[in-house]
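The data blocks that follow each hold one structure.
Next, two complexes with chain A in common: one pairs it with chain B, the other with chain C.
Coming up: the complex of A and B.
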């Protein structure tokens, strides 16, 4: 492993010399760290945890409160949400349903390491064994003696009342499943003995952050053991765990979760299209579209260890028959997926030309250069676009049957004559107009209302032609890679980078460049760093706080 | 030819253009595939087709009275109209108690309304102007074509066009008749898939020499969000060559027609398990959206059509305003194709099927991976192709 790091580092020197973003040989800069977070587990994480601990055949039925997107990520929003009374009822219902399945006759033999003396009476020894083991995994740390005692007491009382050992266990388990200690990833800090005066995450909090970042689920036994033994606090121990986790197939789940969040795929669940305008739209198709992009990304970034910038230009993707109908290419497979390479010169190049992006950032009955341009700025480049004023008149842009303004470009040009609109539209429309060869569902077209489409585009100083041209510009703009670094770090930390992490973020970006923009390398750099686990002091003596957001890219806030 | 090369540049169509020039192509040119989304008998709806109205459910009370049943017995039967007693009285009334749908000739009944109108969908299948007998046909009346053609043969329409469950509205060109729409829905829901491939296209306006293949498909049709059949799906052609045919055709002014050909297709096992088309002719028009719309005209074995309906016996007689003996007699009288050498009785009947087809990618079984065909309507062609046209 040491050799590998040395090789990466050596390769970094050449690139760094060109970029002059960091001096070769410089150690990672100091980071203030940020505040610890308390994050609510998401619906997907809940399912993953239950699957990991009790098996994937345990059903989860119930409604979870929606997550909130902050600083571009739901992962950051989870640090700012709580549990409402109504959602507590849902958690209670889900917990009881899960617990009942865990103790049913079908599962108990597999999941219980002991047998009660009598199935109809309390058995504290067996209860303690089961609850300690499960509690360790659910709370992502060992239960305290007091916690375990309380849980066993609940199981005992319930078993006595209900006349069933297993029903008693189910009662106790349900309580753990709706406990804040399970539903929230509460981060705890401790003084860092290696850096006197500074704070770091405790080993169990570190294991939790690491596991959810890389795998999007709860730490496994080996990681919890490394936390418990203190191994995780040593560089070597941490690296050993990181190596193991990066080599695991579970990394794919983690990367999929990250990009689902970054690309806003949660909105897919409520995406609607006018069937008269887009008859090919179906919920199955949209599910396939989302999966297509995730497969494109994981194939390129993990299976091929490809350059992140190439996700904007790649012509290699995966299709189902339903997607083939949108892209208008044959798909031989009858049921699953098959790889597909769009030919050179084709406008389908990069994830921004996939149905997931094009359909998600369009209106139900028409494409939207504005929404697409805004999405490129905000999602792919991490640049904030101001919200439109409340009194905007959209009549011109919405009138797609206007015989004088037949294309989106015509209508938006007219719309921009309104001074209140011009400022924002001039920075987003020229990007989105380059995607006008794709209708509101992502199907290719070169005419709108009989008029030829001009897909010329502009992003800052760069002018280009069409979607493929946009992909090349996105490939080359430093804002795109800086955005990924910012989002990835924020995703792992559960908060946007703060002022005291500015130098660290620059360093990460330089490292990313030096590593050839390889995602696994970037993840490794993050999770093996001290900075990732550094916890800042709550406030400075003068009353100011360090927790101020760092711009995600050089452009953020200036648009 | 320039258009063909342009297609080679297009998204996903490159492979199609390459393999599209294979064995069945009549000449170098574009190949287009289609999935048939509508394929049902075309029963024209005019004002004077059925002057005596459509078929009516039999007057069971009169029938039972004629059978000598008492009012009490008739009342008892009507209290249980789905009972085997009702069915027995209604159907098993041949000379020796035969089921009149299984043995329609055991009862003489000609009370079946046939079309009296002068206009029909279809084509001139016998090649005559007046319907006089030929070695391959029996004497029959011609129709004027609904599309302006003359000397149209469609005796199936003459027999079935006034059937209550087969007569739809004028506004929908008859397609909304229960007995029509229901069967087509079964196809759309995945029961059977029929595919068309047109290769050797130089222009969809005019091509003198194209090859048309009609195939049984193996994939269910894909329904779109608007209730139609999804365009641009990928469809696999069935391996069994019994269920396919290829024929020479031509395109003139956007209308594709073929030489006569025979074709067998598997169909709905409930009503007609197999189609046996003879001397079929395709007559379809390329639509602006890339689809096909038109008619498939052919002779069909009329007995299989009749028996397909007659085997539903009680359902046909009691709930579909059918009349097995009278329908049988009408088919026999109106049949106009392929006279039996011994009896002279025609064994087939001229027919016309409405046919719509949406663009699809077709994959031939022997070719394994790689699509055979492609399609594109003008607005969706990538820039390079359009600019070169």
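Coming up: the complex of A and C.
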């Protein structure tokens, strides 16, 4: 009932939008905002920041601690993780490795705006100039006088002891790179003069949230300048920056980072397939598969400004020769990637039929309707599937007659007759079964163990045939677009939406519908709103009564 | 009362006016007040955990006889040579206390944190290896070391909170480099010169430490805990550098091993076994060279992903799906992995036992707790979860016993282990698993 209302509201809203442009849903409802976050910089962000500040030829070698997924996103987990001794050791060694490259003979000329009086002695003036500039970008705000003084003192002492100005700078830079001011994106809030009694992010915190959300990297000079001048606090100034950022090619990096997180691509790093069952599986192939999906998404959502719902039905994708071998499509390319359109009627339609999704949600040696159905529910529709009961009775599955249950459908139907299992399997397996035409690596098949595959599926009330049928249902399910809105907002805010944001989330969904489900428009609505920067509770000077983060929902486990 | 590391240290140091920013040098005295590692001095008691997923087969790993001289059950046959230094704990159970069992998770967290977790990935208290590390680990270069043979750094049970997880090192080569790379100071090297670069780095860390007070007041309580953990890590790093600046006392058993080559990481059983073997050897030398005194090893992950080449099912899937063979009473394919797991444990014990040290071997000077997350994976059973304690802990435990818990909570074992290792704790665990009843049979 609720869904139905929402859908008709969205539809009405969309129709209205055609008549009175952009007036629909205006003005935005009040939002409580949420607590400020302190987010640990991710591995990809670290690399992007170093690339932005010092150049992409600076190598980053070392292990980063795994991020933790909460409420469906690593981005939300970054608001709860810390730095353990072993992880700090890694940050330390990466920082020194980066700093050594920055000051080496090859880089110093282009990265330093000054030359020391002597290369073998401290030079505080030159050190201050370099460290202030770099520190500004690393800390996403100007260094305080005290911070700069301390960093210059480190450089001075080290340069003296080691007899090298540049080694002194490297020591000081490494300290900045492992400082909590760099490794954690700490958000600060201030009273909002436009809304007395309410709090908002400070301009620098705003710039940081904006930059990591849209670009997945540290704010650039222009954005920091807009924060410093206060321009970012005005509607016009904010819009000017948002226009610039949405038009930048860097938006693609931001969108890729978001979907990599939402689709769980971090698990690709440890994805394993049995080499005898799937001899075509290699780390390169799986890297290509991930890239294929990201290219499909950015091409459709950014380059074509397409409707988000069509990502579940699109036949347009990009392939490499390695992927071509799985899709049985000859890919003749010199450049590595070729655009490809699957013909009408082909079962390959939508990102849920791509190798990245199919292989990730399978067992090492076989497909899994259960894992795939669970992934559709949890990842694409944001619906939590309960963990299996502790005391599973597999009596039926173990029955020796089991050898007659040749297909996955046969085995799962047997398993589903167990009442304790039925509840969940009933809502996940019928989704996954529609993808049974794809093996554990994503290759097409129409038989399993010699028996023909029945790829009929069900999602709630909808019955459909095969992967393409599933795509059509996903396309029409309001849960899919609501999920995207929820995840995107949580990704930007670093926390799941709170109760006081319920009206605002509904508004966002209506706006998304009114805008024809265009991702850049949705991003614009979020980042130009007051709600995105609204902070719910003032932090007292002693920090004692600041609102706690929203309780994290359970981390997703593997099953 | 919440018992954290700081209160532990505070108690240890006699309750002086210790508040924050504890200088690590104060910790160089160990809890017994004995000097460390000077030749002829008492050898430290080390602690390790060894984890595997999906339990063992009921009826095939519990000895008939209780106490000393137990009969070696079929699934534990490879451990025969260690019988006199291996205690078997059966009949200890994890309670869920109304929170619902989280499959493949509740059991291990009950053993390590003393409390049933609310959900996957969450813990109610730190795992007790971190308490042991805070008690005995402060004297060595690394407070603790975590490794996994599964190829996945996320496979780690060691955690201070739901979000602070001590990630595992999955690569033997990287583990070697961390331990015995350029920053390793050979305690037996003839000459020693403090490295000015290390001096500079140590001094520079003060620029970070100075930020602590200002930063902590800016954030909310939950974030303060996280940032405080960061600053603890800074102090740990500072201490590592400090250790590198001092001439280490010679350690007769310390012989830096050779560098392993690059190995294939993953959950294929051949790779797991090979990587685990390398890690076991490196870990033994890490202990002998006083690089650490506390370690955590994951042989498999909780939902045991171990698998054979060419086979479509993992150990975990087999435990659930494979029919039981009437004759042997076990699941033959799943048992293949149980055998490899027990052999893996044998490899670890052998690695520790092959380092001669003082009047015995490393194994005599350590306590190694091996445990799984369920007893019978087929039904995720939390009753009688297999636990083993190996080693003599410098004579602090009676070894070679079979203890029957008779349905008591698993926390009794964790409490006992902590007490043996000098953690000042008299009662441990939460809810129905709270206990002050140590397993006195193994205590000397």
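One rule holds for everything that comes next: the second predicted complex is superposed on the first by the 498 of 559 C-alpha atoms of A that agree within 3 Å, B and C clash if a C-alpha of one lies under 4 Å from a C-alpha of the other, contacts with A are read in each partner's own complex, and residues count from 1 in each chain.
Heads up, the rule we're going with is that a contact is a pair of C-beta atoms (placed from the backbone, for glycine too) under 8 Å apart; a residue touches a chain by one contact, two chains touch by 3 or more.
Given the structure is predicted, the values throughout are model-derived calculations rather than measurements.
Residue contacts after overlaying the shared chain place A:521 against neither chain B nor chain C.
Applying the stated contact rule after C-alpha superposition, one finds that A:345 touches chain B and leaves chain C untouched.
Of the two partner chains, chain B is the only one that A:445 touches; chain C does not reach it.
Contact with chain C, but none with chain B, is seen for A:364 once the two complexes are overlaid on the shared chain.
When both complexes are overlaid on chain A, the residue A:280 reaches chain B alone and has no touch with chain C. Chain A is touched at more residues by one of its partners, and among chain B and chain C that partner is C. Contacts of A:66 after superposition: chain C is touched, whereas chain B is not reached. In the overlay built on the shared chain, the residue A:327 is in contact with chain B alone; chain C does not reach it. After overlaying the two complexes on the shared chain, residue contacts for A:310 are found with neither chain B nor chain C.
Taken together, the two structures place residues 275-276 of chain A in contact with chain B in one case and with chain C in the other. By the touch rule above, chain B contacts chain A in their complex via residues 9-16, 219, 222, 224-228, 230-234, 236, 361, 363, 368-371, 374, 376, 378-384, 386.
On chain A, the positions that touch chain B within their shared complex are 273, 275-276, 278-282, 321-322, 324-332, 334, 340, 342-343, 345-348, 437, 443-447, 450, 452, 455, 466.
Note for the complex: chain C touches chain A at residues 96, 100-106, 118-122, 142-146, 151-154, 160-167, 169, 174, 178, 196-197, 199-201, 203-205, 207-208, 210-211, 215-227, 229-234, 236-237, 240, 266-268, 303, 305, 307, 309-314, 317, 320-324, 378-382.
By the touch criterion stated above, chain A contacts chain C in their complex at residues 35-36, 38, 63, 65-66, 68, 77, 80-89, 92, 96, 147, 150-151, 153-154, 157-158, 161-162, 171-172, 174-175, 178-181, 183-184, 186, 188, 270, 272, 274-277, 363-366, 387-394, 397-400, 402, 440, 539, 541-544, 546-549, 552, 554-559.
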